[in-house]
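Note that chain A is present in both complexes that follow, paired respectively with chain B and with chain C.
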Partner chain A sequence: MRRYARLFALQLRTSLQTGLQYRWDFVVEGLTGLLFALLGLLPLWVFKRNGAAVPGWGFPEMLVVVGWFTLLKGLIDGAVNPSLIVVVDHIRRGTLDFVLLKPADAQFLVSTGKFEPWRVLDVLVGVAICGSGFVLLGRWPGALDLAGALLLLVSAALVLYSTWILVVSAAFWVVRLDNLAYLFMSIFDFARWPVTVFRGAVRFAFTFIIPLALMTTYPSMALLGTLRPATGALAVAGALGYAAVARLVWRRAIARYTSASS
Partner chain B sequence: MSRGPSSLAITLRAFPTLLRVGFADAVAYRAEMVVWMLTTTMPLVNLALWHTAAAGGPIAGFGQTQLTAYFLASFIVRQLTGCWVVWEMNFEIRTGRLSQRLLRPVSPLAGYMAENLAALPLRVLLSLPMALVLAFVVGGREFSHDPAIWLMVVLALCLAWLIIFFSMAILGTLALYLESSSSLWFMWQGLFFAFSGYLFPLPFLEAHAPRLFHALHGLPFYYQSGFPLELMLGRHDRAAALHYLGIEACWALGLGLLLAVVWRAGVKRWNAYGA
Partner chain C sequence: MIRVAHLTKEFRVHRRDAGLAAAVRSLFRRRYDTVTAVRDLCVEIVPGERVGFLGPNGAGKTTTLKVLAGLLHPTGGEVRVLGHVPQRREPDFLRQITLVMGQKQQLLWDLPPADTFELNRAVYSVPEADFRVRRDEIVELLGIGDTMRKPTRQLSLGERMKCELCAALLHGPRVLFLDEPTIGLDVSMQHTVREFIRVTNERHGSTVLLTSHYMVDVLALCPRVIVIDRGRLCFDGRLEELVRSARPEKRIVVKLERPVERADLEAIGHVVRHDAAVAVLQVGNASLREAMARLLAGLPVADLTVEDPPLEEVMRDLFAREAGAAGADADGTGGPGGGSAEGPEEGEGDE
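Right, the complex of A and B next:
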């Protein structure tokens, strides 16, 4: 366990140093992260000024969802997506062999391949946006609500990680898809608003097939204390089932991998 | 760039061939292009929000059907004006491949331009399904019926393409000075998202932030997305459309000149590296 903690720290440091190589880019990147997080609020402001409303969601509640979205996006952009790009590249060039040969768990190495340190800012901005929503509401979430939201955060992370594993597995079959990571990110953009803005089949899809509702809407509802415990429990169970499927697919995919040269 | 008076003639003669090569490239990577198109989810994300918001009545004159028309058309405009030159330039500058391009008798900028232009026919083809959806869901009612306006739409789209290509190439050229300029591009992209009418139609700002609203008509971002869309929806009369078209042409010209200046100075630096 301690060995893996050390390995993790090492991977993190390598990413930081790689980022610092391009000095200008590094500085601008930090600023860009902040700018993007704040620009994400602009539509919401326009929304509010035009007196628009989503049924069941006031402006402060919408802020909580957008904050939660920003937080999760920071997690994905910082810890999930960069590694994804690295693995897809490994698979395409056949250098995944070197990773598999290393004396450490391959899935661990592959999942920690690259980090974007700056995205911590997004997470902080996300927390701040959530917080401002509660300031506007004039109350704070109770301990139980907070615990529920954290549990759902873990579930959301599990779902994200499982999706990640599924995408990587797909890369074993369809090798030439460098832009899978971007597709993944742009679908996640639909989690920006409460799932109630979608209707019919689309809402069904975003709740059960690509569980975006689980990622931002349900945790926000838990924080706001409007989530029914049964729904929350179902969401957690769903996340666990999803993770089990992803693990299964990954196993089959890695068994299929025959490297680029053989 | 300093290859004497005949360089323009050489470029003009080579351009059709460059276009053919670029088109073959685009066809070869068609699957990737489809995936790239599918990543354009932003118009749909925002359509969902504003469609719900307009359930209680039109916002700034935009009813639900018109918002659907606006954002679905926005998807198509985004496909037709898409370029990727900033990525290619960053890659080629970092890996030194730019040297190979500089050895050719044709300016690398013309080469980039041909590659990005050549993908257009395929992009038009791939946009057809969305156009069909648009026709089926919205029909012709929400769109302008004035042929002169549609002529200006075509012109506005061409100028929008130029604005996007030039600003991308300028930022790509900056990689010659800053080693890598992809973050700068992201920042520019952020401004585009916010101020172009891509996230919400700019008229939503008119009543609540009139100064910002008018200022945004002076920036290039509006002309990359919001302006052609508002033209299509018949929200400008001919005189106003001509006025904005003039501003758009100025931006295209200005950015083109800026690109020429930045590129010339940047390539000199590149030579100084001894690369």
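Right, the complex of A and C next:
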């Protein structure tokens, strides 16, 4: 475990070094991310201007959801997506060989190969938006609420990461399937709204099939102190089960890897 | 050390005719062929050997190397490397081998190779002290002290290859699978890489299995050669035996004091080259002595050397002979996958 923690730290450091090789990219990417995070507030502002309302969700509570969405998106864009986008290319070009030849867990190596450190700005903006929601509410989340929300943050990241692993695994069969992941990331955009905004089949899908509710609504509810513990526990268990399935599929997929032409 | 018994590797490849209509048809009805890249290969390699693995494109060399390295699962037969079943990819096995692919790179593109070395040290859990000793040794042998501190993307092909070798050997592997490590390099760089491989083998007793299209690599490095063609073993033995069995002939290079008639040379042996100053004759091993005596007695010879035929020609003859034999076999068998070990399509297989 300590070896993997060291490896993780080294991969992170390597990504930071790579980012620093291109100083202007670092600044431009960081500022673009910041701009997009702030633009993400625009729909909410329009929503408020038009006097629309979602039962159980006032403007400050919805700010918490958008803040959480920004934070999670920063985390995923910075720590999950970059590595896994690269893997699909590795499979196509046959350079995944080098990963499979290493005496370390291949899933770990491919998942930690690339980070985008400037995304940390998105995370900070997300925290600030969440914080502004609580300022408007005039109160702060309790320690237990915060712990529950963080646990759900890890679960949400796990679900998104596992989805990527499934997509990457599928690439062993059909080679090019990363577009599916981009489609998923577009759907993920709906997670900036509480799931109660949606009705009927869409709401069911966003709760159980593509669990957007787990990603932003439940953690926000945990922060606000309105989430039932049983729902939270179920969400965490679901995320763990999903990750286990993804791991199983990955292991079967690498056994099928045929390497590309020399 | 390395034991391959009746190894067979098949790939299932999608086949379609050229053109748009065939492409549309293949969306609905796919036709797959089974291609046998390696068939019934039996080989044993002992520790410390340097073995050249030869064959034309699509012969199954890279496929075999990848099976030995654990990247591909064999369809049939049994493979053991250092007592391990490679495809299980056990960490203890992976720590003892390395695979260098001349056409692919593991170096981090935007960072200096020194950073890749550091990353590999962590992945292979090499103790800091051992790492320094090995790195310094390799850096000195390859002369990459300055190179390893420049970003990889700014290095020449030769510099990159040398750093690739360093990255692949820092963990001190006992078995080196080298797949065309000198491809695309200039003559001087090829020489450096060859010398490095030879010194590594001699100093550390590591086993080397090398594929290369440059015969000079094989001549300089490998006392033993394994030749495969269309997935089948054609020859396994010492290089001299290969030359003797495929081309039982010698070449006599004669430097002439003055020009001679071609007919005079043809009376002694087959003329390979003839100009005013030099003539090259090819004669059977049995008549070498007599041919030399006749040359010295009857022609104005200034100097004379005896050589084996070039390995490229030996290989060409051998593959032509094998192709003829395979063609004769295929006439009797036919059917998909029956005669060709051509490399499968991208993403499906190899070579």
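One rule holds in what follows: the second predicted complex is superposed on the first by the 246 of 262 C-alpha atoms of A that agree within 3 Å, B and C clash if a C-alpha of one lies under 4 Å from a C-alpha of the other, contacts with A are read in each partner's own complex, and residues count from 1 in each chain.
By our rule, a residue touches a chain if its C-beta (ideal position, glycine included) is under 8 Å from a C-beta of that chain, and two chains touch if they have at least 3 such contacts.
Computed from a prediction, not measured in an experiment: that's the story for all the values here.
Undergrad: Could you check whether chain B and chain C clash or fit when both are placed on chain A?
TA: When both complexes are placed onto chain A, chain B and chain C end up side by side without any clash.
Undergrad: One more residue to check, A:F98. First (chain B), second (chain C), both or neither?
TA: Only chain C is touched by A:F98; chain B is not.
Undergrad: Touching A:R3 in the superposition: chain B (first), chain C (second), both, neither?
TA: second
Undergrad: Calculate the angle at chain A, using C-alpha centres, between the directions toward chain B and chain C; round to the nearest 10 degrees.
TA: Value: 90 degrees, nearest 10.
Undergrad: Return first, second, both or neither, reflecting whether A:P43 touches chain B, chain C, both chains, or no partner chain.
TA: Touch status of A:P43: first partner only.
Undergrad: Return the chain, chain B or chain C, that is in touch with more residues of chain A.
TA: Of the two chains, more chain A residues are contacted by B.
Undergrad: For the superposed model, what is the least distance in angstrom between any CA atom of chain B and any CA atom of chain C?
TA: Superposition on chain A places chain B and chain C at a least C-alpha distance of 9 Å.
Undergrad: Would you please give the residues of chain A that touch chain B in one complex and also touch chain C in the other complex?
TA: After superposing on chain A, chain A residues 22 contact both chain B and chain C.
Undergrad: For a test of understanding, state which residues of chain A touch chain B in their complex under the given definition.
TA: It is residues 22-26, 28-29, 31-32, 35-36, 39, 42-43, 46-47, 49-50, 52-55, 176-180, 182-183, 185-187, 189-190, 192-193, 196-198, 202 of chain A that touch chain B.
Undergrad: Hey, which residues of chain B end up touching chain A in the complex?
TA: Touch residues, chain B against chain A: 31-32, 35-36, 38-42, 44-46, 48-54, 56, 59-60, 178-184, 186-187, 190-191, 193-194, 199-200, 204-205, 207-209.
Undergrad: What does chain A use to touch chain C in their complex?
TA: Spelled out, the residues of chain A in touch with chain C are 3, 6-7, 10-11, 14, 17-18, 21-22, 91-95, 97-98, 100-104, 109, 175, 255, 257-262.
Undergrad: So in the complex, the part of chain C that touches chain A is made up of which residues?
TA: It is residues 11, 62, 66, 69-73, 89, 91-92, 94-95, 97-99, 101, 103-106, 108, 110-111, 115, 118-120, 122-125, 151, 179-180, 343-351 of chain C that touch chain A.
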